[in-house]
């Protein structure tokens, strides 16, 4: 008995099988709205549109990188041919990517640039998003944006690598132009952010806060409440164009958010994935490259994200159908909606 | 022996109980009349406490019938037994270590005043009750955990007297008691008989048994092994029924000692 | 009924008890101030100091933070501490009940998150009246807790497993409720307004805080005096008047100073008022009702409680229902802090902090020992650490380390005193 | 030494014991197959089925998943289940020791994360030899556990609080270690290669799996026979040969089927081999050494153990050190799954799942009852649920709900049987 | 009474112990010689068990000195007492409910074979040891939790006999025992004396005390209240010392019963 285990390949859906048109989709978490509400259905729909006999296998890591590594293994066991991977931990997923590629699976990095031998990458530029957020804050502060103006920064969870990129981008724009008087992590949680904001108000005095950088809309919700509690309303940023964030922008308690149009991102990814399944070239979609930590240049599609303020809600998120008018303009926001030209 | 009524207040008919691989009780019969003190004796592990627990509803019987005032009843939970009027002092006492003496005495039948606990009255009555049992307890407000073995035993006995029981079961109530407290408990048993309650008394002390009991039931290896009226039965007869032999450690010991003194 | 439940009167006929009512070995406190001192020393040696060690720890924590940042003891910061501790504190109150049984409820944080989602989808999505929605939400929490209790008490699944399953399941349900919208903005009205950061007792009137302080002090004084009178009349030991006065004055000092400090900025947050009122009610329930007595009994010895005729299963179910209800209320408090129901509600360290609060405050994890005030004291410690570190603007990784260290230190004071207690045989 | 420790020989001089060695009330099993059947029925009624209910639950779970997705029982999926359960399983093993004491260790997940960071910064940042780094990492875990144990055993801080403080503090330290880089890539070599997803016993040789199976079966058979011989010689009850054969055959069937299935894809993951070897060693330590006996004694009754002259504090410290050590080992296993030390290591539900594994497998949370095999059984249940749901393509919120429900259901089988046990008086 | 050596093997000098507000022991003196059986008697809560626990190292003394073979020693932990050669049977038994009978008997001094537990030998010896104490236990492999009160008590006594003690302390060892088992334990005490061990026996049963003890020490409210050689002392004298009065519940009860039979 000197044979190798696994020599008798009896499994039906081997990834090298040419009739196999199975695509895996792995998303990182479900505590942010976008993944299960937008990314998943959009990608699935586009794949179905482009390739009727393709089937999509989906899993969500619920914010747990170890779980995601297991899900990659499950995808391998299922014999998918292409794997669309939004890494919960872009470095940590490397060996899983390697394992998949070893089995002949092509991996497309979605939204976050996973390490390892991936075939393509589709995303927004996270540092750029930080810059957009910083710029939106400066714009909203207007002439008050002086080197002595106190700005409070509430960043994301240090355990999330994206948070560092948003933070770096924002600093790039803000440093020197305003004074970062208080900077803390809100751990991506609204209640934590609210407490940090209250501490900042105590520390700096409510009259001395010229602007607040919040790394996303979830935390901006808590921050806005604390600011309201103190009776002040300085400019406040966000990210993700969450429903509650948009409503705050309409109500005037938040100034901006970042809209990352999920559809183009999803569509481009679906196209690349289907091309890979069919063994076609996808260079027409991936028109640029991105550099991994290891220095490898990956064919990439990098999409623009947009700063959204009251002035352009109608022309961006509403127009793109991210939310319907009815969802945004509930009774409480009806007047603000009209004022913002949403109808 | 006091006059007893015809229908027993409590009767067991063919009661059996098994724990895993151990057949603890086999077809046990027992009758207690109002105003009668029944002593239940037997070797260690004979099944006395098991019998008590089946009557008290701690664990249901496997087979057999329990009759209460002539009617067959189901006792599945301690509440059922208490509802009938059975008060039990367990061998392992079953007190709440974290509650104080008052809390334990009135547990499950607390006195209320305007809907909230009437601590003052409960405390007052607790002190009175314990005094009648000749026990010194530093304070009725200290947790049971810090009482001596005998003090706990008295608390457990006192607990059984709160409420209006018709049958009182005492599982080795004097095991941990001093001579004076033992005397008080024996007095108490006699007072219970005078008040026409039925009493089941478990004890290894033949002197106590013969002092207060009317009838002695012997249990051996989980089975009935004879019932004797106390009058007209010698200790030796009872001990022989308990150990299952006339030649046992007790008789041997007596013989040895007799020899030695000769 | 009190006559029916006693049988010892006939026993009174027996000769006068042979025992003097007072045990000669009981060390009775001497009269006056000196008596207090000796008793205090004795209690300190014996480790019977109750909440004192936690209070000492709290004072040390406050002193250190104040030395590091003079804003720490400022009125605004104290208002923050008082306001933010109420939400987690509500979870801790429910947990105190569960801990008294010697059990644990791992689901409270996730139920609190679910409650926010339920409330939001009722009141926002389905337009249910805000107060009705509050009631329905709390009932949901109670029902969930009762389900946990049922599986624990009736099926016999360990509470740890039931509530762990609940923790996962209710998180899923919450995410499913919010699946369409992600987060929902809750309106700043109704009870949720009252729980908000801008809602203060008697509308920030200076009088408000003092009225509350006076109410508390008066209640203690009158209650103590009535008890003293009844006990004296019944001939059982009673608290001497001097001690009642000392306690009342101590409370008065704390209460009025607190009122003064809070008044210097915005007054007493309504969330805190509700939290304190809840504590008073729960304390009454646990210490002065048969239900509370039964909870302690089950926590002390399940078998003894069962043999005393207590319906142990029922007590367990009710306690878990209480925990679920408080989790839901806590969830509303937390939602009131941000006026949003988010997918992240109830995640993170919320569960751990709530349990820690109860335990730091002095409620045992092993059942039968503790009180609801531990939720207050524990939350004060935890919230002080958090707010203090936020003020100091420290790196998150260092914050984690310091929080851990201070938490430990706070309990060490208490533990060392309890250790003395154990070695003097009371454990 | 055995002679020195007994004093009953002189007592043997007394007249022959009056008691027959066998109690007539003990129901002895009849000979042959019928005897098994009656005994099995009796045990089922009495709820003395040991691990059987969990195994039944596992079979139900597997059947349902297989019906839903025919890939579930495929070789590749079984390899996944076996591979991925080892990391969390190591944490669960350490927790079994702590649970046997009746305590809890909330820090294991965070220590496992810290261990990955320590290992990475030693071997990557500071270029320490990979094996040396492994040893230093495990020693770090042991030291951390010993510190927890010290605060618990010597200072008297409840283990819950100590390890909660540890949970926060070590998370902070881990983030601080990785503060510059965020995450560190670990090299696929040394022990970390062995723990990786692509490392199989005897390099995927078919023989490997069968050798392992044979080893296990032979060990059971020989061990049982030796024990039988010694017992027979000593005149104490022994397992009949028929029963030994039944047990050996049962194990053989399971082991060879498992070997066959795993061989169909890649063989036996080395991580699983190490996990199983660890279980065998820990089982020996707990059941066959004085240390293990002392752990059970302390878990059963601290006071009885103390009075028996056991150094309770020492046992506690050692047990927490063991838990810390296994947390570190588990951290290395988990790092081996991804070859990275990340800021997210040890977060999520890792802690809860590790505890749940031990509890589902049958180790009591209240001390004194359980065994290390529960870590294996519990992890099989949990990992099967996770892998199964991953296969099924379901919305994450629904996955949470199902995980909760299945977890509960898995334990309900066990609990119902234990409930029978309690009502027959054995609780 | 057997001949005793001059230096007591164990002596307490002015031992005091306080729990919180309760002064449990005040200036207690006690001497035990090799080959002597000292009975310690006293009312419930007199402080007997507290005294035992201070000797056994369960809790250290507050004041006073413990002397061992003439030298003053510090006993702070149970290990210290065991190291000296003191074996103790506690009133509350102190067994591990989750361990089986064998596990409890050998706890802390397990027999080893090639470094691992020698279960077979321990099981064999356990059976032998229990048989000599006339106790029926269904199996030595069932957990203590499922034993009867008397069965547990015998296990606790047997436990004290494993090892080579010089002084054996028995705190109410026969409280839960049947007549036969009690006789066996009394025999055992006599055998211990013959083997020249010191024995401290606590009991409320005057018959047992006078049957085996050489000296009786009375404790009352935590203080010494007289020491009597058994020979030449009547039960009434001892009981009077215990209760602190010649008029007590015991004498009243005797008087009443005497009247009744007249």
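Worth a mention:
The first chain written gets the first letter, and so on, giving A, B, C, D and E; residue counts start at 1 in each chain.
Methods note: contacts are C-beta pairs under 8 Å (C-beta built on N, C-alpha and C of every residue); 3 or more make two chains touch, one makes a residue touch a chain.
Everything numeric in this text was worked out from a predicted model, so none of it was measured.
At the far end from subunit D, in terms of centres built from Cα atoms, lies B. Centroid distances built from C-alpha atoms place A farthest away from subunit E.
For this pair, subunit B with subunit E, the centres built from the Cα atoms lie 25 Å apart.
Our note on geometry: subunit A versus subunit B, Cα centroid distance of 73 Å, whole angstroms.
Centres computed as Cα averages put subunit C at a distance of 36 Å from subunit D. If you average the Cα atoms of subunit C and of subunit E, the two centres end up 46 Å apart.
Within subunit E, contacts with two or more other chains are made by residues 19-22, 134-139, 146, 180, 187, 221, 243, 248-249, 252. The set of subunit A residues that touch two or more partner chains comprises 30, 36, 158.
Shared interface positions of subunit C, i.e. residues touching 2 or more other chains, are given as 18, 23, 25-26, 175, 179, 396-397, 425-426.
Listing the residues of subunit E that touch subunit D in their complex gives 56, 58, 77-79, 82, 88, 90, 94-99, 103, 107-112, 115-118, 120-121, 123-125, 127-129, 131-132, 134-139, 141, 145-146, 158, 161-165, 180, 187-188, 191, 195. Note for the complex: subunit D touches subunit C at residues 106, 151, 155-158, 160-162, 164-176, 179, 349, 352, 355-356, 359-360, 364-365, 395-405, 407-408, 411-412, 415-416, 418-419, 422. If you check the complex, the residues on subunit D that touch subunit E are 1-2, 4-8, 10-12, 14, 17-19, 21, 23, 25-26, 227, 230-231, 234-237, 284, 287-290, 293-294, 296-297, 299-301, 303-311, 367-369, 425-426.
Subunit A contributes residues 1-8, 10-11, 30, 36, 57-60, 62-67, 69-71, 73-74, 76-78, 88-89, 91-96, 99, 102, 115, 158-161, 164 to its touches with subunit D in the complex. Listed in rising order, the residues of subunit C touching subunit A in the complex are 69, 71, 74, 76-77, 80, 83-84, 87, 124, 175, 178-185, 187, 196-198, 334, 337-340, 342-345, 347-348, 386-387, 390-391, 393, 396-397.
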